[in-house]
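Note that chain A is present in both complexes that follow, paired respectively with chain B and with chain C.
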Partner chain A sequence: MVPRIWRRIRYRYNVIASYCESCGSYYYPQREICPKCRRRGIVKEVEINDEGTVLSYTVVNGRKIALIEFKNGTRMLAEVCGDIEIGSRVKKAFRRYGEDGEAGIIYYGTKFVPII
Partner chain B sequence: MIGIVSYGTYIPKFRIKVEEIARIWNEDANAIKQNLGVFEKAVPDVDEDTATMAVEAGREAISRVRIRPEKIGAVFVGSESHPYAVKPTATIVGEALGIGNYYFSADLEFACKAATAGIQICYAMVKAGMIEYGLSIGSDVAQARPGDALEYTAGAGAVAILVGKDPIAEIEATVSYTSDTPDFWRRDLQPYPSHGGRFTGSPAYFRHIVSAAKKLMEDFGYSAKDFDFAVFHQPNAKFPQRVASMLGFNEEKIADGMLVKVVGNTYSASSLLGLCGILDKAMPDQRILLVSFGSGAGSDAFAIRVTEKILDYPRNRRVWDKVKNCVYIDYALYLKHRRMIK
Partner chain C sequence: MKVAIIGVGTTEFGELWDKSFRSLFLSAGLSALEDAGISGKEIEAIYIGNMSAGKFVDQEHIAALIADHAGLAEFGIPAIRVENADASGGSAFRQAYMAVASGMHDIVIAAGIEKVSDASDPMEVLSSAIDQEWERFVGANLPAIYAIIARLHMHKFGTKEEDLAMIAVKNHKNAVHNPKAQFRKEISVEDVMSSPYVAEPLKVLDCAPLSDGASAVVLANEEIAKRLCDTPVYVKACTQASDYFSIQNRRDILTFEAVVKASRKAYKISKIEPKDINIAEVHDSFTIAELIAYEDLGFAKKGEGAKLIREGETEIGGRIPVNTSGGLKACGHAVGATGIRQIVDLVIQLRGEAGKRQVNAENALALNIGGSGATAVVSILSR
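Presenting the complex of A and B:
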């Protein structure tokens, strides 16, 4: 469990997406290969710090999971803390994701909060 | 010239009122409010803790200045509610802030004054030329046993202070006063702290703050009238008011820093949150006296002079504006948010 979480820290603590220099597409979670350009694609990491817009959301076990779109077109699924509706503007927040039992490690990562 | 280059604050949006806590324990809310001068306190969300709030405060401090995070050479997080007993909060914060890997780091613990100790360490390291910038963060989800008097004030919040050269507020001088005074403590593996009740007053809070402040004034030739503002640790609203008058400061000079009334005692962030409330409105050449207090016990006193650079520094959203946006919760939700029920 610990190595799996550790490998994702970089991408969870901040929104680090993939950008294909060949076709201009953005992906989150990050990808090694651009599915459009295949081997011709040149994929780079890019950090997204913009505000996002809620395209849609659902409630799972009391948690709001939203599809969020950023200005550059990147879309990501993430939990939103607070009241939202479709079209709400959100910004990233650093939160707990969970813990591996009382004695285990605590997972942290990016969630989103509505902009007031 | 070394001092505060930037600052960031984070206060969780939830609040519980003194009336709601008093309702559970069948106590007189008005008497408590009168005794403590505190009306409500900040409560974290279910997924917030000392580390998450420290990251939020740190992000604000860095975003307000054009400094690449890799230039920060030291990260210290002061708290008495670190999420791990062994595994530094500062590592989580450094990673989230994108500071890289080559930085000095440690978690500090000295009750409510750990983060001012962190500022002193950063100041010394900048002065010694070891680092260009140092980040000291005070963050706490204050613990209180249900039904204890502390429950009315134990709040949550974080403050990040970025220390370096060419500051918006110069640290002109700093002095510490430390002694072995057991006024408040938490033994290993105990979930809640214990305290000496009234003993936390005269031999602890007042003696340490007054001694540190007086020594600072004596050693560096200040008097109370040299300071435009003063901020002291805020376990409640009455203690800082009383210590201010003992040192010759009127209510006006401490008013801008008295966040405790609406967010409670944010422990390691407490006196620094007050400092940020003052920095939000201070003008060049105004001087601030900052004196923290950490149980156990010690006080760090600072003479801080605001520089011209503050005029170009982005201060919005100001701390007093941040506290206005809040959601009130009842005692049951409070227990859930504090993870006392799961």
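Presenting the complex of A and C:
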């Protein structure tokens, strides 16, 4: 798992979407090709820093997992720490995700917290 | 070329501790051959739906292994494994159907198999049907994705947890009369409502179990079917579609686009409309999946799926009985076998051999879904 985590670390620490310069569409998670323009598309990375809105959520294994929508229309599945309901506003936070056993590498990434 | 099903067979579904992977297949395959009244040497190819023998029983390259164990090695026929998560069975059926429809083969077997009870955490394996990097990593599993969909459906359309519970209750009731079903026991809405949450708002009794099992069907072209079989069941359409893999990328997470696309195409090819379907086996891996299937297949308008279950329209005796086998919920969900098991049950119904759960049906529909809906296979069968 370590190389796989390492490869994605930039994308775990930041919320990075794709933006297609040809058609103006945004995608999360990032894509290498625009589904609308395909080979004609010019896909660039763009960071998302704004607040999001909870579209729906669940509680599984003691964690709140929400589908969050941003202003540019992209949606992201992420853990939220704190009380939420549908429509709640959330902002990103740097948090611990897990580790490879007791002595293994610790993974960090982006989670969300409610805006009170 | 017209394609008919001339033989069906299935093992019981459940925790079959004393049955191995290969013997499960043999037992389903032999009963399908016996049902078709053929020896087995007529078979020209074998298509096997299986999601994850590698993870469940640490065995890959299973198609040739199974063909050998079934005594077919001498004939040297092509054996092909098909993987599309829990739509593996439906996808294998479609490959077999296309082989006969194209004239490439005259008579083939489509089978599905999964042996899950040897694995320590089968739900972990099934959850590899969603995106490992962008869904699993953040803590979601397959029930979580369906739960997020369920909560939004409730929020937007007023669907209640009790409506979902009624689907589980119906399917358990149907399974009582299915000798192959895992849970032949009625449950009540209160039982479902008081079962613990797996992923809110979905509870233990909203979720299908993961089961061991294998199912097989024999397909032949019309000419051979008429010669060999008094009660051929015709495959009027078998279509498949895919969708954005993750709910993050779907415009509307309450619509399974792959189901809409595959079913519309199947209706068009077969010239059979939703109102002409008399019975359906749909993919109720979670109760919400059956409710949304009502809408996406055109049995109900979008947002009105709950009305069908409230008014008893999908019960045996209703307008369009759904999952008379007990569905994945109560018959069991042997992952890669499920898509074939659905076909087996519909053939039994169309032949009038379903006993106490018999429905008077001319046209039947099967919907098999992979993961959270990125793959859908729809089959329409007729007498």
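The rule is simple: the second predicted complex is superposed on the first by the 116 of 116 C-alpha atoms of A that agree within 3 Å, B and C clash if a C-alpha of one lies under 4 Å from a C-alpha of the other, contacts with A are read in each partner's own complex, and residues count from 1 in each chain.
Criterion: a contact is a pair of C-beta atoms (placed from the backbone, for glycine too) under 8 Å apart; a residue touches a chain by one contact, two chains touch by 3 or more.
Everything quoted here is computed from the prediction, not taken from an experiment.
> Where does A:71 make contact in the superposed view: on chain B (first), on chain C (second), on both, or on neither?
neither
> Based on the superposed arrangement, let me know which partner A:40 touches: chain B (first), chain C (second), both, or neither?
After superposing on A, A:40 lies clear of both chain B and chain C.
> In the overlay, answer first, second, both or neither for which of chain B and chain C A:91 touches.
neither
> Which of the two, chain B or chain C, is in touch with more residues of chain A?
The larger set of chain A residues in touch belongs to C.
> In the superposed arrangement, which partner chain does A:59 touch: chain B (first), chain C (second), both, or neither?
So A:59 only meets chain C here.
> Shared contact residues on chain A for chain B and chain C?
97.
> Spell out the residues on chain A that touch chain C in their complex, using ranges where they run on.
Residues in contact with chain C: 4, 8, 12, 27-29, 55-61, 63, 65-67, 74-79, 86, 97, 109.
> Spell out the residues on chain A that touch chain B in their complex, using ranges where they run on.
Touching chain B: residues 9-10, 13-14, 81, 93-97, 105-106, 108, 111, 116 of chain A.
> Help me check something: in the complex, which residues belonging to chain B touch chain A?
Those in contact with chain A are residues 45, 47-49, 51-52, 55-56, 59, 83-84, 87, 92, 95-96, 98, 325.
> Applying the document's contact rule, which stretches of chain C touch chain A when the two form their complex?
133-135, 137-141, 143-144, 147-149, 151-152, 155, 197-202, 246-249, 253
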